[in-house]
Structure formats: structure tokens, C-alpha cells
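Shared chain: subunit A. Partners: subunit B in the first complex, subunit C in the second.
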Partner chain A sequence: MATDVEEWKAEVYGTDIREHVERFAEEGWASIPDEERDAWFERFKWYGLYHQRAGQESYFMMRIGTPGGVLEPGQLRVVGEVAKEYATGPVSNPEFGDAWADFTTRQSIQLHWIKVEDIVDVWDELESAGLSTVQACGDSWRNIVSCPVAGKDANEHVDALATVHEFQREFKENDRYRNMPRKWKVAVTGCREGCGQGDINDLAFEPASKDGVDGYNVRVGGGLARNEPRLARDIDVFVPHERAAAVADGMSALFEEYGNREDRYSARIKFLVDEWGAEKVRRVLEEEFVDFELQSAGEGFRESYSYNAGRDGDGHDDHVGVHSQADGTNYVGLNVLVGRMGVDDVLELADLADEYGSGEVRLTQRQNVVVTDVPDEDLDDLLAADLLDDYEPDPSPFMRGSIACTGTEFCSLSIVETKNRMVRYARHLRDTVSLPDEVEDFHVHLSGCTASCAQPQIADVSLRGMKTRKDGEPVEAFDLGLGGGLGENPRFADWVGERIPADEVPGAIANLVETYEREREGAETFRDFVERHDESDLEDLVEPEETSYEDPMMHNTKRTWYPYAEDDDMAASPAPTDGDGVPLDAATGDDSAPADD
Partner chain B sequence: MKVNAYTTLDLVDCRVRTADDEAAGLGVANATSARENPEHVRLRFEADGQPEGVAAHVDELELDPEQARALAADLESHAAKVEAARSGEHGD
Partner chain C sequence: MPTELRVLDDGAWVSVDNERRVPTSDVWRFAATDFCACATAFVLLEAFTDVGVQGCEVTVDGVGRCVDCGEKHAFSGLGVGRVLEGSFRPYPPDGVRAGSEPTV
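Showing the complex of A and B:
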């Protein structure tokens, strides 16, 4: 028998959802019947809307998908304007103010505190700029990720952006794949550095050549979730650039046909690949889902992959800094700590991109932004702009390497505070811990639960939310992993430190760095250093310790209605509220109105 | 085990014993049933630390509804007993 979610999807799904959202927007939050909320919120995900967690009822997170992370000239400004007008909650965030935009690990944008009453207005503004929230969440083709500088990079092998645009047209702006068994994450890489991160996606196109033809090798079945991470498996297929869509189509159809709809838990292609093996995936793809003979894999570039790799070498680990484009101009990568940018800064960035570049801005999978098309003669002026004091092109490794997911601030699955904590960690580490001079990259990825949205398993230091007891009291804590990274030989971290109280994590990292500095051999990177040790040695290297770092969020933030509210008690929540943010008093019924109305 | 805000106990004191050794520490416990057509209640437990010679593992009970209720009832009654004893200690 099909699951609830499958039944809800069978009733109303895809673009049919829109007219209902329009009705709810018109009639207000209270018009969504209580007993239908679960079903509607599940369907809303297809349109990029997630209902926020308990204590924040009637507020939504909205995800805007930007294919390949590309924001065309003018689009970032609209994002900033929409965020400023609509993405404000009842209480501000102490680090980021009243409104902000989140740039995510899948090159998307997330806004919070959106009211159902405003959704249609927000869509109108976004759509007028060519932006879309369609299929940003839910069981569908998710935002297609790629090298953020595809089509610009001086050393690119194939133009991944052309492929991304083709996929976008064929599979997202099209009802064919509007209803998959589960989410479907696709990555297209065209460069020699591996910055599409295909290894952790359901379907990966990797740059390759065969018999003088440029195109992609195909890998299938990667992903980080459920505490069962998998690397995408090589299915020994090369496809020419212009035929990539036929293979993407075939793999999507294969997943649609054989993906397990009975059990959402196992309905990811990674488990199908486990079960079948790569050879059978290839055979079934060829026999049933494409109408040409598949070629065996071509010559790829994996040995030069440097992105998020933690190895020594020429390629870059991220896109921060000034780099040359093929057309003689430059792109400038700016570090956005934990991917969150206050709205005024977003608008200022849009101005700078207009003034010194083409107006285009791109988002990376490391939660950073890239201003493209900056001519040599404008570089110094851009680099001298005040905004770059906060979003640096040349930051401390700890600032640059930090990634954090949403956490207890908005996410119902989280057991710890994440983004603001990672901001505090990064600043503390920058100010108190020194790395060897030539080390530019030190990645710390922090996730609030095992869903792994911050990609913790592929960092130098992996942090995953937990609980522990300290001085008798339950406190927020982290499991700590070491040894993860992508590159030619990707590996997931081993979880070698358990339940470290959140206020002792910076001390644990400082001690790790100190040991590394003392014991490294030559120019060994941290990842190489870690790989030289076995698991029990690594356990001994993890020495949690209190330091001058103080953590104001040690208590159980998942039980607050909002961790940063002065009165954070669940009972003090103003939610649900009406379209103007006025609490709807459940006791007086749905049609209650402010007294002066 | 996956651990998130829906996990029943993300923090529980526990002890794992073998004939020769014992590890005391913290663990995770979760009571669930399959999302669709559940056939039994699943009670899972995983300890952080293990005694000598025991590999990291998860223990799982498959309880039919009657067994789950029997367990819940016993837990309730012992919880009441412990609470009563505690209030006796402190209240005077």
C-alpha cells in the first residue's frame, strides 16, 4: 500500500497546488483546516515552502532555487527587496538583525518567517525577476547544482552551465518529473577541480573525454542523510555533452520506476544502487531507459579534484578570492560566514555587482557568493568597498571554512543551535588559534542532526548535534568527526569524539590544531595528517576543554519557541499570527480580530 | 542510530555489562513504528561506549502492541514509585 505522502500527492500535486495556495493566501492562515495541515504542508514543499517548527506556526521557510547558483543581473536585488519586506519575524536574530537571506549548500536561497498571506505577493515579485521556488523542496528534481563559475572559469573542460540550463528546461520547467518517489539531487561538474560535489548527489555528471569528444562520466547514488552516507558509484558510462539530457532522463525514469515508494525511508537511489550494484544499474538503464548504446567511461579529471579536498596542490578548495575568467575579466569570491547575509548587505552586494561587474552574482556549495565579470581596472575599487570588510575575499581559514545548517532556530529536526553558534566558534578560533602560515583552508561543518544538511562528513572537523550531561545538567553537545573530504579519493569522516559539550568544542579544535602543528610531517595538510592515524589514535587526539569561549545557548534550545527571544519559553510564542503578525488567539476562534478592527 | 528532535531519548544514562567487564556512560533510545502499515513497536537502544570485546551495535526490541503496553505500564508504575520516593526524600 502507498504511504500517506503518496496518497496526498496523488490527490493534488505539482502546479495544481498553486491555486490552493492562492486561496489560502487570500483567506489567511486560519482557512487551512487543522486536520488537513499535514497534507497541505507536504504538498507546499513542491513549491519551495516549509512550515517552520513548533512554536512558529503560520510562518514558512521559502526556498528559491537558483540553477547552478547563478543569479542573473538584477535578481539578487529582488531577493534582497523581498527579504526586507516579507522575511521578518516577531523577534530579531542577535547576529543578523530583522531580515536576511541564507545561501545554502545546494546553491539555493532560503528566506524565513514568510506568512501564508504574503506568499503570492512574494511569488509575483520573484517571478517578475525570473526567479522561482518551484520544486525547491519535496519529491522532485531539486535545485541542480554545478560549478558556481561554470561558463566563466579559465580552466573549464566542458560548459556545465549549458547542461544545467538544458536540464532545467527539460526536467524542472516541465511536469514530466514533478512527482518522484523521493527528492532527486543532481550535480553537473565541468571544471577540473570537482566543485560540483557530484560524489554526494543522487546523480552526478563529471567532466570527461572519450575519443576526442568532450562530455561527462556518470556516477549514481551518493548522499549524506540518515547516518548512512554513500559516495556516488561509477556506473562506467560516458556521455557526450549534447546527449547528457538523455542519460539524465533515463536515470530519472529508472528511479521513478524502481525507487521504493512503499517505504519513504529507503526510497533513495543510493539504496537501490546498494541493492543492485553499479553493473545492474547500467544494464537496466541501457535496456529500458535510453534508446542508444551506452559508451564505457571516458578519461576524467578526478586526480586533479581539489574542491573541499583538504589536499596540498594547485587547485582551489573553494571559490573565495580573486580568480581569472576565460574572457580576461575576473571573479571575486566573498566569504559569507554560515551563508547568512543581512538584507542591507544583500542590497549593497547587488549594487557592487552592478557597479564593478555585470550585475551577476553566483552562489557556491560552500555557502559563499561570487561576483563575476569584474574587469582588471575595477578590481581595486571593488576590493576596497566597505562591504568586503565583513565578507572578505581573503578571510581567516576558520571563517572561510565554516558551514552550518539551520538548526533549532527554525528546523523541527534539530537538537542544537547551529548558525549563530558556528559564527561564535569561527570568530573565537580566528582570534585565538593559529594555523601554520601556509594553511589557507580548514573546514569545519556543523549540522544540527543526522540529516547532514551542512555536509558535515566531508570536512576537516565534522560536527553533528547531540546532547550530553555536564555538571549534572543536560546540555547541547556535538559528536566530532575527522578524516572527511572530497577530491580524487573522497572519504567520510569517522566519528571519533562523542557528546562533547558545546562550550568545549573550540577547545577540542584548538588542541587538535596544536597537535597537528607540532606533529605534522613537512607541508602535510590536516587531512593528510589525520589519515596517517588510525581510529583509536584519533580518539586520543580529541581533547575537549573549556577555554575563554563562552556559550550562551547550552540549554535545550529545541524546547524554546525561538532561541533568541527574551522570553523563549514555548508558552510565550506569539504564533500562530495573522497576516500582520498579530497573534491569533486560539481560544476566541478563527475569526478573532484585533480589538480596534 | 539517527538522532534528531523526534528521538525519544537523546541522552540516557546506561550500562553495558558482560561477564568480565562493564561500560557505564550515555546512550540513545528511541521508540518508533513504521510510518506505513506498522506491524510492531520498535524499541531501539545504542550505547556510546562498550565493554572490552564488544563492538559498537544497536539493540532492537520488536514489541507487539500488548507487549508495548505491558512495558509502558511497568515503566509508569516504577516512575511513580521513584517519584514518590524522591518527594519523600525532599519533602518534610
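Showing the complex of A and C:
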């Protein structure tokens, strides 16, 4: 039997959705028929709109896809202006103020608290600057990720950005793939360091050469969600640069044809690759979906991959700091803690990029930003700018290594508070825990649930939202994993610590770091240290403990309408509201009933 | 009046008549169910897999984890609320329920 989602997609999907959104925007929230809301909100995702969680009805998260993370000159300013005007909620966030932009782990931008009435105005402003929200969520060709300094890097093998732009034209700026069984995440890497993170995407193009020709090796079926993480599998295909789009097209069509539509839990292509094996994927691709003979894999660079790898070596683990570009100028990577930047800071960053660079800004998969094209003579002035006190090019490893997803603040899947908590954790760790002097990277990735948006399984310390009971009361908690990372030998974390109350996590990390410092051999990195131990040793190394860290959000933050509101009770929610933010009188009252009434 | 029920967003919540009424991530008390070795299992609902009705009660199938001992199971038939005069009244997760206890 077709799922509801498949039926809704069959009725209206792809670019046909737009005219309906325009009508709802014109006529207001109340014009969306009550009995069609599930269907419309599912469809809205194709246009990058996600209805926020219960208690926040009528407000949307809007995701802007920036191909390869590139914001052309002028675009960041428009993002900042739009966020300032439209992404302001009923109450502010204690860390980030009234409005902000989130830079995501797939090089996208998310705005929150967008009202349905404003969607078209926001689109107009974004589109006039060449930005788009199309296919940013839903069953679609998601934002194409890439090495964030593609085309700039002094050390890259193929220009991934040319491929990204080609894919963008072919697959994203139209609705040719309006009927994918599930989301479709594509990564294109051109550098020798593996910054595209192809291993955790549905379809990965990895830099390679064959018989003197430059191009890509192809991998398929990676992804992290649902307790079923997979690394993309090598299907033994090399494709020359100019034929990459034909293979991307063929793989998308294969997924469209053979992906599971009966069960959304088993729909991602990783499950098809499990079932078929890499050889069959290759054979079906060749026989049915491309019209040329496939070449076997070429010579790649995986042994030099350093991004998110946690190893000692020459390559970088992230893009933070000052680095030389091929054209003799520099790029400056700035740390954005948990990827969230207040709107005034966004506008300030746009000014700095104009003044000292070319105006271009890029986003990385570690939720950070990169200002490109900075000439040597302007470096000192840029580095002296006040904004860089908060978004540092040389941060503490704990600030630098922190990634967090959206969490209970807005996300209906989440079990715990995430971003603000990670900010508190990172500051506490920076102020109280010391790593060996030469250690620059220590990655802590925190996700609110098993969907794994913060990519927890590939960090030094992996945190995933849970609950436990403390003094009899349910409290927010985390499972803690160790041993994950990408690089030449990518591996997912083992979940060795379970249900650690949120206020004992910093203590657990401090104890881990202390043991590492005491017992490490030579210049061993944390990942190397962890790999030397077996799972039961690691379990013993995890020692949760209360410390001076205090957590104000131990209660069920999902049961609030907004965790940071003064009156956070569901019943106090102003939502849904009209286009001016005035509560529409829903008059639901308290309709919860004890079972024995 | 027929009630429209479905599970959405990868099992994140149960929609009743196009409104999100039952979320995952709450801890429910399974008093009579043999969920794990704990006397009363406090079960974090991680995902819903199905929703249905038994009489006037709305019941769900899903996956949960005991927050005390960590045991994880699929379960079916947990009563999460009832439909009275056409409107849905959710049960509080932590209450002592006379509603349906799930099976494991």
C-alpha cells in the first residue's frame, strides 16, 4: 500500500507546490484547510519549509541551499537582512537574541519563525539575490555539498565547484527529480583532504585519476540516520570530470525507480545497497541508466583524507584559521559556535567580506564560515576586527570542535535541548579543562535524536539525546560514543556510555580528557588513543560526574512551547498567530484528560 | 465523525485530524507490561511505527527504551488518548493509566 506521503506527492509535488504556497501566503494561515494540513506541510518541505514543532504552529523553518556552501558576493547581506526582517519569533533566545541565521552541517542556512504570510516576500528577496530554498527539505535533491574552498584551494585535484554548478543546473533548478522515494544527498569532493564528506552521503564523487584523466570515483549509500549508519560503498566506477553529471543522473534515476516506496524507514538508498551489494548497483546503473560503458575505479586520494579524521598529519581537520589560496590571496576560516550567528553579526561579516575580501563567504560542513580572497596586505586588518573576538580564527579546541543540531527548540523529533546546551558545554570545557598543548582539534558533536543531523557518529566525543531518571524524575540525558571519525579509515562511534544525565556530561568529558592526557603514548591523537582500547575498556573510561557545570534545562524541554520563554507552558503559546504575530484564538483550552476520568 | 490518524516525520509524532497530538520523546510509565526487568518500566518513546483505534481509544505501536535499565523494544497497542464526542483527549504520559497497556 502506498504511504500517505507517496499519495500526497502523486497529487501535487515539485514546482506545482509553489502556486499553492503563494495562495496561502496571500490569504493567511487560516486559509490552509484544517483537514489538509498534514499533506500541505509535507509538500512544503520540497520548497525548503518545515513546519516547526507542536506549540509553534503557523511558524516555519526555512532552509536556503547554498551549493557547495558558496555565498556569492552580496548574498550573505541579503540573508542577514531577510533574517532581521522576517525571522524574529515571539520571544528571544538568551544566547542568540531575536533573530539569527543557522549555518548547517550540509552547508545550508536555516531561518526560524518564518510566518506563512511572509514566505513569498522572503522568496522574492532571496531570489533577487540568486538564492533559493527549492529542494532544501523533503524527498528531493538536497543541497549539494562540497569542499568549501573548492576552486580556491592551493592543493586541490579537480575543480569540484564546476561539477557542483553543473549538478545545480541539471538537477536542482528544475523538478526533473520531483519523485524521489526519499531525500537524496550528494557530495562532490575535489581536494586531497576529503572535505566533501562523501562517505556519509547517498551519492559521493571522490577525486581520482585514471590513465592521465582527472575525474571522480563514485560511492553510493552512505548516511547516518536512524541507528543505521552506513559508509558510502565503493561501486568501482571512475568517471571523467565531464561525464559526472551523466552518472549522477543515472544514479538518481536508479534510486527513483528501485528505491523502496512502501516503507519510508527503509527508503534511503543505503538500504538498497545493503540488499543488492555494490556489484549489482554498478551493473544495473550500467545496463539501465547510462548509455556508455563504465570504467573501473581510478587512483584516488583517500589515504591523505584528513577532514574530520582526528589524526595527526599535514592535512587540516577543518577550515578554521588563515590558509593560502592558489591565487596568492588567503582564506580565513572563522569558528561559529554551533553554527548560529545573530543577524547583526551576519551583516557585520558581510561588511568585512566586502572590505577585505571579494565579498564572497563560504559555509563548511562543520557549521563554520570562511571569508575568501583576502590579500596578504589586508589580513592583519581583518584579523583585528572586533567580530573576530566572537568568531575566532584560532579558538579553543572545545569551541572549534563543537557541532550541535536544532533540538527541542524547534524540531519535532528531538528528545533534548541542543544548541544552547552545547554553547554552555563548550564554554565550560574551554574554561575548566586543558588539553595537551599541541592538540588543536577535539570534536564534540551533539544531536538531539537518532536522525543525527549533527553527525555525532564521526566525532571524538559523540552525544545523542536520551532521557534518564535522576532522583526519580525523568531528565534530559545523552548516550555517549567514542571512536568515530572520517579519513582514510572512516569509522562510526561505539556508544559506550548510556543515559548520562545532561548535567554530568561535561564531567564525563573532563574525565576522558584527563585519562587521555595521562595515558597517551607520544603524540597520539584522541582518536588514536581511543582506538587502542577495546569496547569494555572504553566503557570504563566514561565516568559521568557532576561538576561546577549547572544545567538549567534538565526538564522536558519538548513539553514547553519554547524552552526559553518566561512562561514556557504549552498553554501559554501564542501560536498559531496571524501575519502580524497576533494570536489567533484557538480556544483549545486544556483538553488533556487523565485515563481514569 | 471519523478521526484521521497517521504517523508522520519518521515516526516523530502522531497526527490526529491533521494536528500533532502525541509526540515521541516523552517518558511513559508501563506498569503492567513486561517490558524489562524493572518493576515499573519508564519508557522513552523513540519512534512510532503505527497508530490505530480500539473502541474509542487511540493506540500506537513503536519503539521505546527503558530509561533505567536501557533495554530497547518494539511494542504495540499503547493507549495514548481517547476520542470523546469527536475530539481527541491525550493521556498524560506519566499518569497511572487505566488505558491500554502495550504488549512487547
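Some points to look at:
Convention: the second predicted complex is superposed on the first by the 586 of 597 C-alpha atoms of A that agree within 3 Å, B and C clash if a C-alpha of one lies under 4 Å from a C-alpha of the other, contacts with A are read in each partner's own complex, and residues count from 1 in each chain.
The rule is short, and it goes like this: a residue touches a chain if its C-beta (ideal position, glycine included) is under 8 Å from a C-beta of that chain, and two chains touch if they have at least 3 such contacts.
Just so we're clear, the structure is a prediction, and the values are computed from it rather than from any experiment.
When both complexes are superposed on subunit A, subunit B and subunit C occupy overlapping space and clash. Once chain A of one complex is fitted onto chain A of the other, the partner contacts of A:Leu413 extend to both subunit B and subunit C. In the superposition on chain A, contact of A:Asn155 is made with neither subunit B nor subunit C.
Taking subunit A as the reference chain, the count of touched residues is higher for C when subunit B and subunit C are set side by side.
Judged by the touch definition given at the top, the superposed model places A:Lys467 against both subunit B and subunit C. Looking at the shared chain after the overlay, A:Gln325 reaches neither subunit B nor subunit C.
When the shared chain is aligned, subunit C comes close enough to touch A:Arg37, but subunit B does not.
By the touch criterion defined above, A:Thr450 reaches both subunit B and subunit C. Put simply, subunit A uses residues 4, 226, 264-265, 408, 412-415, 449-451, 465-469, 474, 498-499, 558 to touch subunit B in one complex and subunit C in the other.
Residues 1-4, 226-227, 262-265, 408, 412-415, 449-451, 465-469, 474, 498-499, 558 of subunit A are the ones that touch subunit B when the two sit in their complex.
Residue ranges on subunit A touching subunit C, taken from their complex, read 4, 34-38, 42, 53-54, 225-226, 264-265, 408, 412-415, 449-451, 465-469, 474, 477, 498-499, 556, 558-559, 591-596.
Only residues 4, 6, 8-13, 15, 17-21, 23-27, 42, 44, 46, 49, 65, 67-68, 70, 79, 81-82, 84, 87-92, 94-99 of subunit C touch subunit A when the two sit together in their complex. Residues of subunit B that touch subunit A in their complex: 1-7, 10-11, 13, 26, 34-37, 48.
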